[in-house]
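Structure, as structure tokens:
All chains are identified by letter, namely A, B, C and D, in their written order; residue positions are counted from 1 within each chain.
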Amino acid sequence: MLRETQIKEVPQMKVHGRTTKCREPLTLFWTAGGFECNVTGSEFWVELEVTYDVYEPWFSYTVNGDWVGRQMLQKGRYWVPLFRGMSPESVKNVRFYKDLQAMSDDGSSYIHIHAFRHDGAFLPVADKALKIEFIGDSITSGEGLIGAKQEVDWIPMFFSAVKSYAYQTARILDAEYRVYSQSGWGVHNTWDNNPGGALPKYYQQICGVMPGPENERLGGNQQHEFADWQPDFVIVNLGTNDAASFDQPEWVDEKTGASHKMRRNPDGSCHMDDVRVFQQAVKDFLGLIRACNPRARIVWCYGMIGIDFQMYICEAVAAYAQESGDGKVSYLQLPDMTDESVGSREHPGYLCHKQAAEVLSGYLKKFIE
Amino acid sequence: MLRETQIKEVPQMKVHGRTTKCREPLTLFWTAGGFECNVTGSEFWVELEVTYDVYEPWFSYTVNGDWVGRQMLQKGRYWVPLFRGMSPESVKNVRFYKDLQAMSDDGSSYIHIHAFRHDGAFLPVADKALKIEFIGDSITSGEGLIGAKQEVDWIPMFFSAVKSYAYQTARILDAEYRVYSQSGWGVHNTWDNNPGGALPKYYQQICGVMPGPENERLGGNQQHEFADWQPDFVIVNLGTNDAASFDQPEWVDEKTGASHKMRRNPDGSCHMDDVRVFQQAVKDFLGLIRACNPRARIVWCYGMIGIDFQMYICEAVAAYAQESGDGKVSYLQLPDMTDESVGSREHPGYLCHKQAAEVLSGYLKKFIE
Amino acid sequence: MLRETQIKEVPQMKVHGRTTKCREPLTLFWTAGGFECNVTGSEFWVELEVTYDVYEPWFSYTVNGDWVGRQMLQKGRYWVPLFRGMSPESVKNVRFYKDLQAMSDDGSSYIHIHAFRHDGAFLPVADKALKIEFIGDSITSGEGLIGAKQEVDWIPMFFSAVKSYAYQTARILDAEYRVYSQSGWGVHNTWDNNPGGALPKYYQQICGVMPGPENERLGGNQQHEFADWQPDFVIVNLGTNDAASFDQPEWVDEKTGASHKMRRNPDGSCHMDDVRVFQQAVKDFLGLIRACNPRARIVWCYGMIGIDFQMYICEAVAAYAQESGDGKVSYLQLPDMTDESVGSREHPGYLCHKQAAEVLSGYLKKFIE
Amino acid sequence: MLRETQIKEVPQMKVHGRTTKCREPLTLFWTAGGFECNVTGSEFWVELEVTYDVYEPWFSYTVNGDWVGRQMLQKGRYWVPLFRGMSPESVKNVRFYKDLQAMSDDGSSYIHIHAFRHDGAFLPVADKALKIEFIGDSITSGEGLIGAKQEVDWIPMFFSAVKSYAYQTARILDAEYRVYSQSGWGVHNTWDNNPGGALPKYYQQICGVMPGPENERLGGNQQHEFADWQPDFVIVNLGTNDAASFDQPEWVDEKTGASHKMRRNPDGSCHMDDVRVFQQAVKDFLGLIRACNPRARIVWCYGMIGIDFQMYICEAVAAYAQESGDGKVSYLQLPDMTDESVGSREHPGYLCHKQAAEVLSGYLKKFIE
């Protein structure tokens, strides 16, 4: 007999991803944000409430660790079936993933979780021994993991939490993970020179990148409680958009008229003043990450869409380590995408993410005793 | 501006899989049955009508050839969004796949397609130069392609049209394909000795394996018009369940009390009388396939779940060819699943299906000039 | 201090491959024939005596199981260094492989092993738990495993024992193995219709395929003592040349004027009378193999250069099993070579042999408890 | 009819690797040093003169680009057969590779090439459009590419020119290449803190790393004529031994009593004074390479045995580029060896070298129009 249970009455449920303490409903902000249940019974539904203006959220879910479904979500509050017909007595692990990143261009784009409909009992979901936070841009948001090579539209359909290098790395290492990422953003500015699109600015908030009153209402602007979830590793995969901005026109603030541009010299090389500004942003961000995560090993990763800025990044990471005396920070090059491993929208595809996960997890293993 | 168009008003739509001529609505019977559209516009929805008693259908779909979504279907008539936010002027190819096989244990399990909601125009979908029919059992129904290794429930969630060897072979060869398959069934009887579960018995009907008045009403019992879609290749992947039935108890017809069993000798070998009956069924089926598909090359495939019956099958195929003088029939062994390539429910997983598709498409290429 | 030891004084040495009991010297007849030693000391040489008229032998060797050298051999009796500079106290496993098949076109082509020069002590080489005999043609002789794709010369350089599917299968299963093979030969006749080139004719001799007085002198014509080395598996990989002979002109015996040809019908199909003769030869050979190897499982393999004759072979194997009641014989299709896996001389390359070894070893494992 | 031709009479022969202008005989100094001929005829031998005290040279060779043989060389002057029995009219490409590095611990270890014995004619070997110089340590010397995983002896048998990342990269890019490498050496000192083992010291000589009067006599100490062979790319793969030296005891000069040691701080971190010395050595070497190769792109590679020193190296490369204004220098991380890709002596095996060649060639392609 199916019955409905509000999620606040399911303490056994585990919440993934940065969010508030609210459970009436639970709001999912970030890529890979979601819930995880161990549940008996033959059937299982989730009650969602979905809002958006432009960019509709998608979700994927796994049953017993294997991906079984993915769908576009409509607006409204409604029930979605996740499994049915299963052996009632066995314990099923269900993990729900927000496939779409926090969509800073649409202040209304959210998934909320209200309740479960089911005929079983909930069992606790154990914490994993290892925790990893991934900080990144479109690569970490899984942009291009779904879709044909020829696709060019920047739409939610082509973003995927599942199968990304972050997801795969966590699987290989049997780790919990969280994603803090924005497509097009960088350490110092966006791919098109907008200095507002700098990930470090919002790092201390739950989800400060989402604009507008709805985020205010939901608490996304609140301070994030780092103490509640201290990662063993913080992976930063940024720099690709900062590098790209040197080849883009200046960005002009429509309100103030102020403009910003990372410059190249007449000979095509990067203007070193701007490189130094970028490097200072790298160093500052590392200091901030360290302050928020005192015991984590921090690994700056780069390279899945080329290594043009590698030496500048590596130099900045080395300088931070040297100047701060921080011995738990390092740099790792990830595999570049190739004609074979590219996905849609000229972004890394599954194969490239798989190669990156192998390299990254192999590297992290050296620090796990 | 979104508008609704009944599918009968979309002659450009291509229908895949055996079905009737009815388009009010279009009924999907078989694995990989579905529709395909080339459509402009930014947004695209499909109106489904879904019925079932026990086994709910699932569907997958591709956009421009790449898989983007898969979901369990609820009962009722409702709209499902397939894409939105895309560049309006570009032509999008959308292919909808019934993931679940014709579910002969549930006479109510159907997907019907009524209409599209969209803001573009439909363009013709060209026929492909090559056509392939796949005849098979659970392997061809994609059972086990989805789901964790430990899964044992026989439920729709673990069946998948997309990613099977049939799907992949068609992709490699750029072919249209149809699937005629039933999990547990064989050439002569089911895995548990039920002589009713013999694929040849229903080969000439559109979908005779579905029971009851609803199938009668929908026309599944009608004769299939082979002339409308003549395949270049007919792939038969049967024998696994016939072989298994030698190790199962006798099957007793509850109505008549009659029983049936494929027997083993005291020394463990198969009783040759029963083997000969099986072999005759193979030969008869080949004759029937030939009668229905005069110009097709027929390839009997076997081996993805072991090759125990290989010599018996090969012998029967050879005997058919010799006795009939049919020079366009041959036998092909497919890769056996391994610990690495197994999927859920002890069935071949994606890797095994991929290997099978490579072997099969490589073999078929030799016959394509 | 290096010293010389005649091999007859080294009872710890293990001999691989069919040969006589003579150890003054040891004669190597077949592909992969050779010796194996476990030896201490820093340095190790072997004294060879090499003869040939047309086709010079080559050898490969492994140290501790890894291939380290391969070279063409000159005529004469001389010392060849195998290792030097190694830690004296450790035990080194050295395995010497004749890379060239028994060269039936050159009655003088032999490698003889006389003595070792060394500064250590010999330890016993344990027998392996599993023994496999491989019977085959050019594929099993490793023709085409070495050399560029464009090569067409039929010369010893392009034959290799090491890396063949036989070698790799034995490695995967940790088995001892012997090879009985002739390039161009078949079950009933050679690729060019010579009925003299039938492997079964010489199966009971040590090496009856080698012609002339030298083979007489060396004892190659003596009866092989099957009891001394009873394999667990006999792998027969034949049929490719028999199939090819249907497309070749008749063969005329220069001495008697008699001719022989496997025929095709006007419609291109094989003449069934000739197919039946071939099939009888298959059945007779299986009976002979069984008589010589009472407890072995016999697996007839086929397919690395196409599967044209698969149904005929499978039919014959099934008929033999049925008529004889022999339950330990089966048929296995091996992976066909592709543009990617082809080697030199349009023969399977390393990749194809690797794939074949994986399929074959996976199959054999099912019979090993 | 075989005839002997002194190599000085074969102007069509191409010489690979740094060497003198002497051709009576040609002396091979470095890994992958050798000759290349395009020759007709059925048979081909080379007359070698081999000397050594401790470390015997090995060679490998290819025919038409495919590896066919590898053997340990004895002392003395003698003929070695490379091919025979080939179609006389076809042109065969033969490439002879010194498998062993310049062995600075054995001042007598050389291969000299005197003459060819053959029955054909020589044709010119065209220069390739692309030239690459590889500078490195044991990794670039191919140490560990041959031999079982358990091997620990530091002996020539386990060094290989063929199959290394340098060889493979050159193959993928269809480039000529030269190797300048020493196992155990670094930019500033050896793995065990010997400051004499610094590759930059000898970069301007043909082969200054070889000691003693024989090298003097052979001309290895002469200045290398960089103008004769200007590479398009210089790949430097150094740093692994410099990093290791921080964990080794001090090195004491037996003659002077002077000692040297790269130091760690009490907390385990590297002493930055010593790191700065190392970094200055990197910068100085880059300047020297640039001076000798004005138009080459220089890529500093690192990572096949861990990336411990990556940030220091990257920082130094970046500093060199910035200070010198040299825009054609960059840094590339290569794949780390894993349990699967390790070879013998805890060095990268073939798989790791293959992965490195794929990454490196993929990167270099971006600079080739």
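We take it that a residue touches a chain if its C-beta (ideal position, glycine included) is under 8 Å from a C-beta of that chain, and two chains touch if they have at least 3 such contacts.
This one's a predicted model, so the numbers in the text were calculated from it and none came from an experiment.
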| item | value |
| --- | --- |
| Shortest path length from chain B to chain D (each step joins two touching chains) | 2 |
| Separation of mean Cα positions, chain C and chain A [Å, integer] | 57 |
| Computed distance of Cα centres, chain C from chain B, in Å | 44 |
| Whole-Å gap between the CA centroids of chain C and chain D | 38 |
| Per-residue overlap in chain D, given as positions that touch at least 2 other chains | none |
| Complete list of chain pairs which touch one another | A-B, A-D, B-C, C-D |
| Partner chain A, residues of chain D touching it in the complex | 267, 269, 272, 303, 307, 310-312, 314-315, 317-319, 321-322, 327, 330-333, 335-336, 338, 359, 362-363 |
| Residues on chain B engaged by chain A in the complex (per definition of touch) | 54-56, 58, 63-72, 74, 81-87, 146-148, 150-153, 155-157, 344 |
